[in-house]
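Lettered A, B and C in written order, each chain numbered from 1.
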Amino acid sequence: MILNPGILALLLGSSIAFLMLLYAAGLGLKILSAWDPQSSSEQQLLLERKTWLVSTIVNYAFGFVVLSGLLFIYTVEDIHRLFIGAMCATGALNANEIGWLVLLVKIILFFAAALWVSLNRLDQCTEDTPLVRPKYIGLLLLTPLVGLDLLLQYSYFSGLQPEIITSCCGSLFSLGNDSVASDIAGLPPAPTMIAFFICGGLFLITLVLSLGSRQAIFRYLLFFASVLFFFISLLSIISFISLYIYQMPTHHCPFDMLQQNYGYIGYPLYIALFGGCFFGLLPGLCQPLKKNPSLKREIEKRERHWLLLAFFAIVVFLAIVAWPILFSPFILLSY
Amino acid sequence: MPTLIETKDLCKIYNRHKPDELQALSDVAFSIDQGQVAVLKGPSGSGKTSLLSLIGCMARPTSGSIRLADKDVAKLPERFLAELRRDLFGFIFQQFNLMRELSLFDNILLPLYPTEISGKEMKSRADEILRQLELGDRKQQKVKQLSGGEQQRVAIARALINQPEIIIADEPTAHLDRALTEELLTILARLKQNGKTIIIATHDPAIYQQQELIDRSYLMHDGNLLEVERL
Amino acid sequence: MARRLNILEHALSSLLRRKQKNLAIIVVYTLTVATIASVLFLTQSLRSEAVNVLAAAPDIVVQRLAAGRHDLIPIADAEQIRRMPGVGKVEPRVWGYYYDSLKKVNFTLMGVKDSPTNLPLLQGTFPANNEQCTLGKGIAEAYGVTIGDSLVLVDSSNSSKLYQVSGLFIADSELLTNDLILLQEAELRRFFKLPDGRATDLAVEVYNQREVATLAKKIKLALPDSRPIGKTEILHTYDTVFNWRSGIMLTLFASALIAFCILAWDKATGISADEKREIGILKAIGWDTNDVLLLKFWEGLAISLTAFLLGAIIAYLHVFFYGAGLLAPVLQGWSVLFPQFNLTPAIDLYQLFVLALLTIVPYIACTIVPAWKTAVTDPDSVMRS
């Protein structure tokens, strides 16, 4: 176990978030069991008020999920020096098999929590709150995910064994020198780049079609385009985008770009990607909800906004990616 | 004039299914047209405040319906009730219920804070109302430095800032002397002229004997409501 | 947007109106932040000092072990190492510790042959003959000497010798040269009675950083009684020690955090009748539960940011201007490691981010439920008081 302030902050914050969500899930169970919109009893009023407590807790938890994702990457970046051979955060994540799993759970958690918060917003704007049941069942699923996140983080950090010079023997080199591979091998850049831009184009086309028409099919297409584009983008960041950002033919780390050395370019890049894909997913996910008239009204009020946000975000993302490819002297494809 | 508010079989039971259960309203049928002034008379504890709070969207009835501008609001979630309170109603309370440490100006702006009305619009509305109520020169003073009559006018100004259709006043003269009661009556008459609908709960004869002003008169007794013939 | 700003404005004004009540929580919050921030800032700057020190350190230091203890290494070994491919310069270093029992200070005496280039920022010159010495700032201050003055040192045969100060270090990182005295190498050998042909250790330069590990292994193979220590290894060790130390200290201060949480909970729960009445009024005149929750959020944010900024500033002053005096008892282990020196301010965003999460998250968690309880006040409560 490494005791590092960042690790302490992560574990403390995640524990608090988990406890709060457990409490919220308890309230959720009560709401699920006794919710009756037709009743005007005091109990129903109380439940209605409790939904505000639950929303507040989940909103804060969502905020924390975003921050803890950043802090996790920062911390991994910070402790990579403790591992011989680890050149950047990637190396530290490789240090045991759970590192990447934590990251994966955090990404899933981000999308799940963002979805919950958005649906909750929608639902709270209707008079008949038709989503109460699905929402609170969703909360019962979200809570274990936060617990899993905490558990995985704990086992990742507690499994880390830094190498220390002991007073009797300075030769640690024989121990675990090669145990940490610091580079992740990416996909071949040229075909990835083509796939990336084709997929980005598809995304934008379905987006524009959704903006122009009310047809459900475009929203579903956009949904799939977002999923596809999200994964291709992640692979592309490792495969070629990082190379252009660092202007180095072998540096594939997807995290270094969050550092000051690279002008914090990673922030707009990732925010645009995550935000754009999320808002691209949302219309497709909400399409089935339009069966309910009051939800339909609320969704249609916002949908345009979501689509425009997605459009804007993805254009920014593509611009950040394309900029160094078009304008920097670094030429990758000849390597 | 169309009916603005209409209640049917309205019941309010406090502490239901508990030992101290109390039925404050039973089967109340109240109605008022747009632009009318109604007065609720009745002894203390007869349920006037309870009825006003239901009509004013501050609480939900135990059973029965409340139609407000042709919309049933009896079962609306609290969030929408708040929206109605801030869009349709202006409240004048028995104890003025002002924030004593805030300035007069800040006090009357409070109902507009949760809206998207711009700061400029808010200020111009407030200035206009303060001018009408002759409070314009004291707007930066704290409420606790004002006299009773001035506080009364601040409370009215706050009730008018959201340009409500309906004004609800619960025993507005209980703490006022003769002269201030007169002043209030003048203001109410002016509001009626401007087309506002007004509901007043009171047991002050100085109010309920105002035949000029009052269109409908109700009597409350032990949670039951009777419409009294026009005075 | 207008709604958010209006409510923010109201939140700030109501905070200011209740100065008394909020003062207590802000003071305790600030102290909590200051305590935790002091630990973070201190360890971070010690860490960056160590990195500075090591920037000038050789890639590999080769020591000799005899019977499991550090011993002098034959200079002839240097030749053997130099012949390995990938190795640049190999320099035998002669140095030792000197303890002044009167002043009760410990410092490092090091021998130089010509002008060493890896020691930066010299005022004056390096010792040119056996009667001259060059001092670190700490020593110059301890003895109250400057260039041109003389310094008396007692050698291993217990006879005093007078040295003329020919130069002073004015290094950026004081840690590096603070306790250093340079003498001519021949003079140092005489001073410590060191045999010719042997050195304290060997400083090895490696061309390719990635080969340090391999070379260290080779050295160990070729000279079985040697102990090669890589620069990165020292860095790891420092890092681990600092991480560990600050972690332990933070855990120690967890009780402070808990006490703070209890107070925050208490303050948030025990709202005054006056405040309750105000929330009732707001609800009656059209505020929604959501609006009051937003109001409470802004209040919490304002309190947190105030306390955070104040706490961080106090910690900054405490650590970098007052030498972290209040942490001294907890720091005892370190004072052996490091001589008296002033820390170079080193704070990065990461530290502030960690600090924010460590302090603000518990505060928010403590205030959510009480804030909600306030927010769901019955709107009609003001009609019957």
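Here is the rule we use: contacts are C-beta pairs under 8 Å (C-beta built on N, C-alpha and C of every residue); 3 or more make two chains touch, one makes a residue touch a chain.
Keep in mind the model is a prediction, meaning the values are calculated, not measured.
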item	value
Chain occupying the middle, per Cα centroid	A
Taking each chain's C-alpha mean as its centre, the one farthest from chain B	C
Centre-to-centre distance between chain C and chain A (centres being mean Cα positions), rounded to whole Å	33
Centre-of-Cα separation between chain B and chain A, whole angstrom	50
Rounded Å distance, chain B centre to chain C centre (Cα mean)	64
Residue list for chain C, restricted to those that touch at least two other chains	289-290
Multi-partner residues of chain A (at least 2 other chains)	49
Chain B: positions in contact with at least two other chains	78-79
Touch list for chain A against partner chain C, complex	2-10, 12-13, 16-17, 19-20, 49, 52-53, 56-57, 60, 64, 67-68, 70-71, 74, 78-79, 81-85, 162-165, 168-174, 177
Residue ranges of chain B touching chain C (in the complex, touch as defined)	49, 52-53, 56, 58-59, 78-79, 81-83, 85-87, 89, 91, 93-95, 97-99, 101-102, 106, 110-119, 158, 162, 170
Contacting residues of chain C [partner chain A, same complex]	39-40, 43, 63, 68, 213-214, 216-217, 220, 227-230, 232-237, 239-240, 243-244, 246-248, 250-251, 289-290, 293, 350-351, 353-354, 357-358, 361-362, 364-365, 368-369, 371-372, 375-376
Of all residues in chain B, those that touch chain A in their complex	16, 60-63, 74-80
In the complex, chain C residues that touch chain B	1-3, 5-7, 9-10, 13, 17, 277-278, 281-291, 378-380, 382-385
